[in-house]
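Structure record follows, encoded as structure tokens.
Each chain gets a letter, A, B and C, in the order it is written, and its residues are counted from 1.
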């Protein structure tokens, strides 16, 4: 049937993606080996000469390592969840339990609007407003008073981790909040009534009946949000410097994520005559693909119990 | 949990009217009232916190919209929308015609590809697939694609369309990459919308002697149309907002699209925000603000249409 | 007990004149009704669903509320523990006195009221947690037990009183959803008892159960009235005749007749009541 064939394009696209990325990352995998995963150096060594290693051409002295970007991705996504999850749950509780229906509907609309804002615009706002605010008003204060906590003292360099984490948090909030809100609103009314009849206050009904009943969906939504944060590209590009070859020593150091680095660097990689930097970047793409796929598979397992995944949640029916 | 110590030692646990050891009703027991006040207080604090959370999120949203609306409206003018960008780096002037036209072309092409594939694929999943292993796998694949980073997709587009197929930076490469991005959303939302059509309607049609395909065409699709349209509209919104997939497939161009789908780069609005915000010229900044404003407005309209339109159509 | 039966409006008026608001903690006068509805009306928005009800509910009796569908019996019972407060547009007129105090007075906390007036629902609704945790739920919230032994005792006694102990004592940690329908309902009764209320409202508690389970629940109700006051909503007239002490017949929001069960069923005073009993209403 025609529609069957067309539907199978899902397989086609996925297959294409995997095959293409694996093919084009292979040279880099051979040349850089396991060092790719442990090295913090990203050096295309473009001013050197061409050498051939194992039949593959690369620049002499070139060595590519992803650790800086990998840690940047993990740190920024971790911070995003740290801030975003409580915020989202608070919003979900507000929308589902606290607010009267009308206000809840209006606020839900705004939360969805937040989800639709283009990530580059988010990043632009971060660049114009959030970043400056953080490095001028917040981070110096933090560094001054929290110096005794390791990582939290020292000089504030540029936008870096706090800005990225906060922007990413704002981008994951709609996902977590709306899925959680829906799950909470679907708590069977008999359970709520049973709780109320026993003399529970509203908050106790929420805490002891509604939240436990929604917990699988909430967990799934958090993992989905994590997936979004891990792969987010342009917003991070706008608020991070091209930090290369150093791991962040403090909270205020500039960072870079895998996705952001990939977006920033590909055009300069075109100048590599051996194309090795391109291959290395594609290897980064493979790593990123593996990360987001793993996270999404976990989310799917959690959210499997007759609920919705991120693609479906686009439609808030 | 071991409950063996719940049983009374005398074993006097028979059913005939045992005396409850504490017959004082709960509300008369000491501490229950004051404890109760504490419980209610906790609830109030939580309510305040919840309100703070939503405000904490609405504040950036409001600031964003206000800022870009303000600057965008300052800059907007007919010339700005209808002339093309001139210059680059430290001297930029002109308008966004090339970017607007480029975005329009790219989205239209991407939609033209995605809609048939996505909708028909969704129809297959909902109507013909019997929830087999195959369909589970397809859903799985679509979800993975949806969760992918957009730059990864951009790389794939570059490697396949620009390099391997040899199309160069082109509208075709950009549109195809976008369509791969948009596909999972249309695919899944169509299936969902179709599944929501009650089984009773399908059965009634079959009972009246309709064939499966006719029933689907005439009846089910009509019922599911609002949901399908909403999915398409929202997928378009997602496509509009993307930058990374287009960076290395469509590149950018200061010229209006000439209609050539291959070997000719094309402009788009999100690129303007990305690059022109970083350029030293005020003209460039103006264009970046204006693009942001246009993009936010488009997203706003899409969201409103999707929500309101869906509600209205569903009531038919 | 005949002299304590309150028939209709006239005697309510007389009693109302003598009522003094009682302080919390004082034992109520045994001859006075525990719950007294006085000129009580309830509205959902503009629709008047209960019209000028005057009703006395006596301690340690089973008061049955019956009537055809839509007569307002569920609404009436839910006003007694203020479960209706959640419904948008709900308002009331008149008074409901519990032990002499108006439960709709401005200062009254509906949450505390529910510890005095418990409720069992038509469809058994145990929480998806263990049997023990279900029964312990209320006591934990209200901190009725100072330590584990006390909590164990409350759980055990509540389950014993609900005639469920023998069946579940060896599997208290198992999920409550594994019980049969009748057992789940008795568990819900035990859960309500654990909070030690004075009144238990039962909204068609057996209508979702099979006859054997129904029988057990009815037996339980008769025992419960020794220690508690029961208000039972049912559409099952045989059940009402079997367990009821007094019967209130509601029709379209109005209290049409009220009296001892035997009187109402054998010598109905109102033609509507008679029609309902004969099944032709």
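By our rule, a contact is a pair of C-beta atoms (placed from the backbone, for glycine too) under 8 Å apart; a residue touches a chain by one contact, two chains touch by 3 or more.
All of these numbers come straight from a predicted model, not from anything done at the bench.
Greatest centre-to-centre distance from chain B is found for C, with centres as Cα means.
When the C-beta contacts at A-B and at A-C are tallied, the pair with the greater total is A-B. Look at where the CA atoms of chain B average out and do the same for chain C: the two points lie 49 Å apart. Each chain gets a centre from the mean of its Cα atoms; for chain A and chain B, those two points are 16 Å apart. Here the CA centre of chain A is 54 Å from the CA centre of chain C.
Shared interface positions of chain A, i.e. residues touching 2 or more other chains, are given as 199, 201, 204. Among the residues of chain B, those touching two or more other chains are numbered 26, 39-40. Contact of a single residue of chain C with at least two other chains is seen at positions 111-112, 115, 138, 141-142, 195.
Looking at the complex, you find that chain A touches chain B at residues 1-4, 6-11, 13-14, 16-17, 20-21, 24, 86-91, 93-95, 97-98, 107, 109-114, 116-125, 127-130, 170, 173, 199, 201-204, 206, 224, 227-228, 230-234, 237-238, 259, 262-263, 266-267, 281-282, 285, 288-289, 292-293, 295-297, 299-300, 309-312, 314-317.
Against chain C, the residues of chain A that register as touching in their complex are 188, 190-191, 193-201, 204, 208-209, 213. Within the complex formed with chain C, the chain B residues making contact are 1, 3, 5-8, 13-15, 17-18, 20-29, 31-33, 35-36, 39-40.
Within the complex formed with chain A, the residues of chain B that make contact are 26, 39-40, 42-43, 46-47, 49-54, 56-58, 60-61, 63-64, 67-68, 116-117, 120-125, 127-129, 135, 137-156, 158-160, 164, 180, 183-185, 187-189, 192-193, 196, 227, 230-231, 234-235, 237-238, 240-244, 247-248, 270, 273-274, 277, 288, 292, 295-296, 299-300, 302-303, 306-307, 310.
The residues of chain C lying in touch with chain B in their complex are 24-25, 109, 111-112, 115-116, 130, 132, 138, 141-144, 149, 152-158, 160-161, 163, 165-166, 169, 172-173, 195-198, 223, 226-227.
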